[in-house]
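Pasting the structures here.
Note that chain A is present in both complexes that follow, paired respectively with chain B and with chain C.
Up next, the complex of A and B:
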């Protein structure tokens, strides 16, 4: 264990570490653009310069530790050079923060205010470049803003392995460009480069000009897109910035989704499906309890369901593998005795053309909580027989024609579907962005999600609903 | 031992200087009543004989014409030469606004690379605006200004006091913006052969 001196402070380091890693580990911040803990070291931005006694200035990200070295991260020399490097990086930068989606969370903005703070010294006109280069149907590239840190190209070479991006030409006319025959659009992890980009050069089309980032807040959540259960951040409008005149749906819709770094599950990445959860969650919702398609108040529908459950002799339940751990437990605890035959239902099948599995994140089962459901209930299709007189279907994705015709149906679903009206009792359920809970992924790691939006008046939380259904029916049958 | 003199508060106000005439109270009160009553009676006489008396404007039917040039009355959005808003929907004004009354929807125009982001909706709630002018100061594009004329404020429903983009643009259209469009002095282009 070599010992090195950081600004005069002795710290322990491992032999395989670089000075930048040691500094960050010990709470000494050294600014950097191109270095990233999960990518190879490029050393091209020169922002992480530090001074080593007797050796002068050099970049910390590529400097192996050696015993007894004396490193200064904040000497006058380092400060002066940082300033010069920022001048250099912004030489041709358009500084159009007003129309840049990164503004507010931009590394270049932050470093400018922290380490430079001066207007450009250059008297020459800035070099212009392609403002909106169409990288894929998900990502736009602004070559003027690009600082050529090569994080995006290294990501496609080292992490997603699509090798989709490269750099063409040299000097101040070099540009990031897609490689022919390797379309970025087919890389299922492509959107990670939008987060990776330290400036606003890579812009998500979904989020383009949708909102300034300081209007938004992030709620921790779990991606239900597959059994990996990556932890994510759901960004939505802060209540103090709710709009009053514009479209009110802005206040309660998902603005964007970014990964929530989690070494146990997904590291700092998620796949593109995780960015598109609005497509799943913002379908038209069911918000009205019904008896055979006739709208009724919540209490009446719950009563009807309890009567059906109380009268059934051979009931069968199909349990959703989109239910949270708490909801599945609640079902087992409150309804497990009545529904002896409870089978796990697969709510969501892989879509056409969707990648089934790879060695980075994507898993074949496209449901978030099969692991926990399997622990508590039987797998496989239930055996219906002539005596089956009640089927409780929890969640979507089940073909009602498989249910024997004589059986009554209780259906719990969150979205508008033709089946809702066919069920004897229909109860609308809340969705993941409206409640708190946990999912267990296929490795057994439990991750939590928190509510982002309020739920509708007649919409029920499954956990409480199962408890309400347990009590024997009131009054006579 | 300190030899400093004790602190004496500086007197920066005037003592009232009153002679016996002012002190006797009655004459000064009478002078006041005479001035006020005189103006009142003169106006009353004009009113009774069918002429306009006091200078008071009968707001909102009448709006006074002599607002100061720098009165912060009503917002306008300045225009580019083609009549579209100079605003780039950066939301600086909406962010700085202490009353949080500016709401902007941004849109993308791929056909205009010099001005790709523009407001598709721009609305100000006059029932809550405090006319501080901070929005004008915050704007990097000279896209929002306040003119001295007041908006048509009175109304019966505070929910309907939003000034919409069409009115902001067409009320006294202004094109002499401080930030020219398109921007002057473009340099070389990367990627061009």
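Up next, the complex of A and C:
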């Protein structure tokens, strides 16, 4: 354990560490653009210059620790050089923060205020380059804003291995460019480069000009896209910034989704499917309980369901593997005795062309909570027989033609579907962004999600619903 | 002749580069001596004892560079001859490649034997046509004569060589940039540590040496370190090839024994200055070294220590002589255009700094200079120095601040009067 001195303070370091890592671990912030804990060291932004006694200035990100070294992270020389580096970086940067999506969470902006704060010393025209360069159908590139930290190219080379990006030309006209024959659009992890970009050079088309980031808040959640269960942040409008006119749907829609770093599951990455959860969650919702397609109040629908459950001799349940741990537990506790035959149903099948599995994150089972459901219930298709008189279907993705015609159907679903009207009792459920809960991923790691939006008036939480269904129907005594 | 000659010691004829004539001059005897009578460690000891310094620019001790390589660490080692001679004003390696390619090959074989290298490389500048053809022909001759390949000269030593042509990037002359280019990547220089002698080509220990540095080895092995130390000065032994260009009557490549008086060399060997004009300044070793004025070089001798004392360096040996009447502002503009064009764009200060320097110089030359521009040029030079991955960012700053230090009044004149004091003249005409 070599001991080094950070600004005069003795700290312990490990031999394989760099000075930058030691400094960050010990609460001494050294600014950096190109360095990233999960990528190789490029050392090209030169922002993390620190002074070592007797050795002068060098970059902290590529400096191995050696016992007794005296590092200064805020000497006058270091400060002057940081300032100069920011002058160089902003020399050809358009400084168009007013129309840049990154403004508010931009490293360059933050560093400028923290370490430079002065206008450009240059009076000459800036180098112009391409704007809105089409990298893929998901990502746009603004080469003028790019500071060539090469995080994106390193990501495609080292993490996603698509090798989709490279650098074209040299000097101050260098540009990030896609590599021929290796389209970035086929890289299922491509959107991570938008998060990696320390400036606003890489822009997500989904989020382009959608919102200023300071209007948004991030709610921790779990991606239900596959059994990996990556932790994510769902960005949505802060209540104090709700729009009162215009389209009010803005207040209750997902603005964007970013990864929430979690070393146990996904590290700092998620795949593009996780960014597209709005496609799943923002489908048209079912918001009305129904009996054979006839809208009824909630209480009446619950009553009807209780009556069916009470009268059933051979009931069968199909349990959703999109239910949270709490909901699955609740089902087992309250309805487990009635539904002896409860089978796990696979709500979501892989879509056509979707990547099934790889060695980074993506898993073949495209449902979030199969692990927990498997623990509590049987797998496989239930054995229907002539006596089957009630089938409770929880969640979507089940072909009703498999249900014997004589059986009554209780259907619990969140989205508008033709089957809703065919069920004897239909009850609308809340979705993940409207409730709190936990998912267990395939490795057994439990992750938590929190509500982002209020649920509709007649929409029910499954956890409470199962408790209500356990009670005997009103007037049954 | 400016002192003794070790490399250019024969008259150049139409066939003097061939293997037959090289053998007739005593060629490949040093290789035989090394392989049959010397141990690898002994060769490294001999080179260290000779005090041979790198000829590419940094003048680092060759022996000390070689000593880092552990002979039998179980890894492959690589040797690369850096023939990517791109420093403006430098064309000395070209002479060796064109007229004496076998001395390079023989020296590389000896070095490979000493460093336990199975595969060595010559990274040759893509623009070099005749040098490439001569070198490629020499490699073929050497293979045919059994100097390369398996079991060379009947010993256990085997070695192969690859001649690789660059694609025209100045940064590829920087050792780690060269390695990146040789690996098939963009020639971005690499951060140290790790040093190239620890992790170089394909992440293996690699020695990169300049063509001229390597070419001295055959002579040192043939004649011994003691004989080599007698040539030159105690602190900079040996000779150096200088490629002299600019306003001298006889520009060209000269081999100069280190310690030779500078003015004597220019007056006698290079035929004096065109039109007998006084010397305004001299770029001693490629434009990345700081310029020295005519007055400063009067008493100087050509040796590393003398140049270091004078605040400059012999660098790569590309000597540009500039006569009185030359516009230093226009000259700086051309230099900055070069650095801007050749910056690889990897690290921030050089990527933007060189372009900034170039744009300011362009503006001054166009007559739109501002008084604060000189301060700005100093600012960029200062913060380019020591903040970049490789030395080429520093070099642009050195070149700029070196000229500014000595000819600031010319810049001020140009900015104030919006015209050059010397009409933007770069030529030196005999009649004028």
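The rule is simple: the second predicted complex is superposed on the first by the 475 of 477 C-alpha atoms of A that agree within 3 Å, B and C clash if a C-alpha of one lies under 4 Å from a C-alpha of the other, contacts with A are read in each partner's own complex, and residues count from 1 in each chain.
Just so we're on the same page, a residue touches a chain if its C-beta (ideal position, glycine included) is under 8 Å from a C-beta of that chain, and two chains touch if they have at least 3 such contacts.
Keep in mind it's a predicted model, so treat the numbers as computed, not measured.
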**Request:** Sticking to the clash and touch definitions up top, decide whether chain B and chain C on chain A clash or fit.
**Result:** fit
**Prompt:** Using C-alpha centres in the superposed arrangement, which angle lies between chain B and chain C as seen from chain A, in steps of 10 degrees?
**Reply:** 90
**Message:** One more residue to check, A:12. First (chain B), second (chain C), both or neither?
**Reply:** neither
**Asked** After superposition on the shared chain, which partner residues are touched by A:122: those of chain B (first), chain C (second), both, or neither?
**Response** second
**Message:** Quick check for you: in the superposed arrangement, does A:40 touch first (chain B), second (chain C), both or neither?
**Reply:** neither
**Request:** Identify the partner contact of A:143: answer first if only chain B is touched, second if only chain C is, both if each is, neither if none is.
**Result:** first
**Message:** Going by the contact rule set out at the top, does A:172 touch chain B (first), chain C (second), both, or neither?
**Reply:** both
**Request:** Answer with first, second, both or neither: which of chain B and chain C does A:132 touch in the superposed model?
**Result:** first
**Message:** In the overlaid three-chain picture, which partner chain does A:99 touch, first (chain B) or second (chain C), both, or neither?
**Reply:** first
**Asked** So, does A:246 touch the first partner chain B, the second partner chain C, both, or neither?
**Response** first
**Asked** Looking at the overlay, what does A:349 touch: chain B (first), chain C (second), both, or neither?
**Response** neither
**Message:** Considering the aligned complexes, could you tell me the closest Cα pair distance between chain B and chain C in angstrom?
**Reply:** 10
**Complete:** Residue overlap on chain A between the chain B interface and the chain C interface 92, 124-125, 127, 169, 172-174
**Message:** Looking at the complex, which residues from chain A come into contact with chain B?
**Reply:** 92, 97-99, 124-132, 143, 169, 172-175, 208-210, 212, 214-215, 240-241, 243-247
**Request:** Going by the contact rule at the top, pick out the chain C residues touching chain A in the complex.
**Result:** 169, 186, 191-193, 340-349, 351-356, 359-360, 363, 370, 376, 379, 382-383, 386-389
**Fill in**
Within the complex, chain C is touched by chain A residues 41, 43-47, 49, 56-57, 59, 62, 64, 80-81, 84-85, 87-89, 91-92, 121-125, 127, 147-148, 166-167, 169-174
**Message:** Quick check: in the complex, which residue numbers of chain B touch chain A?
**Reply:** 88-92, 95, 100, 103, 105-108, 110, 113, 116-117, 121, 123, 125, 140-141, 162, 185-191
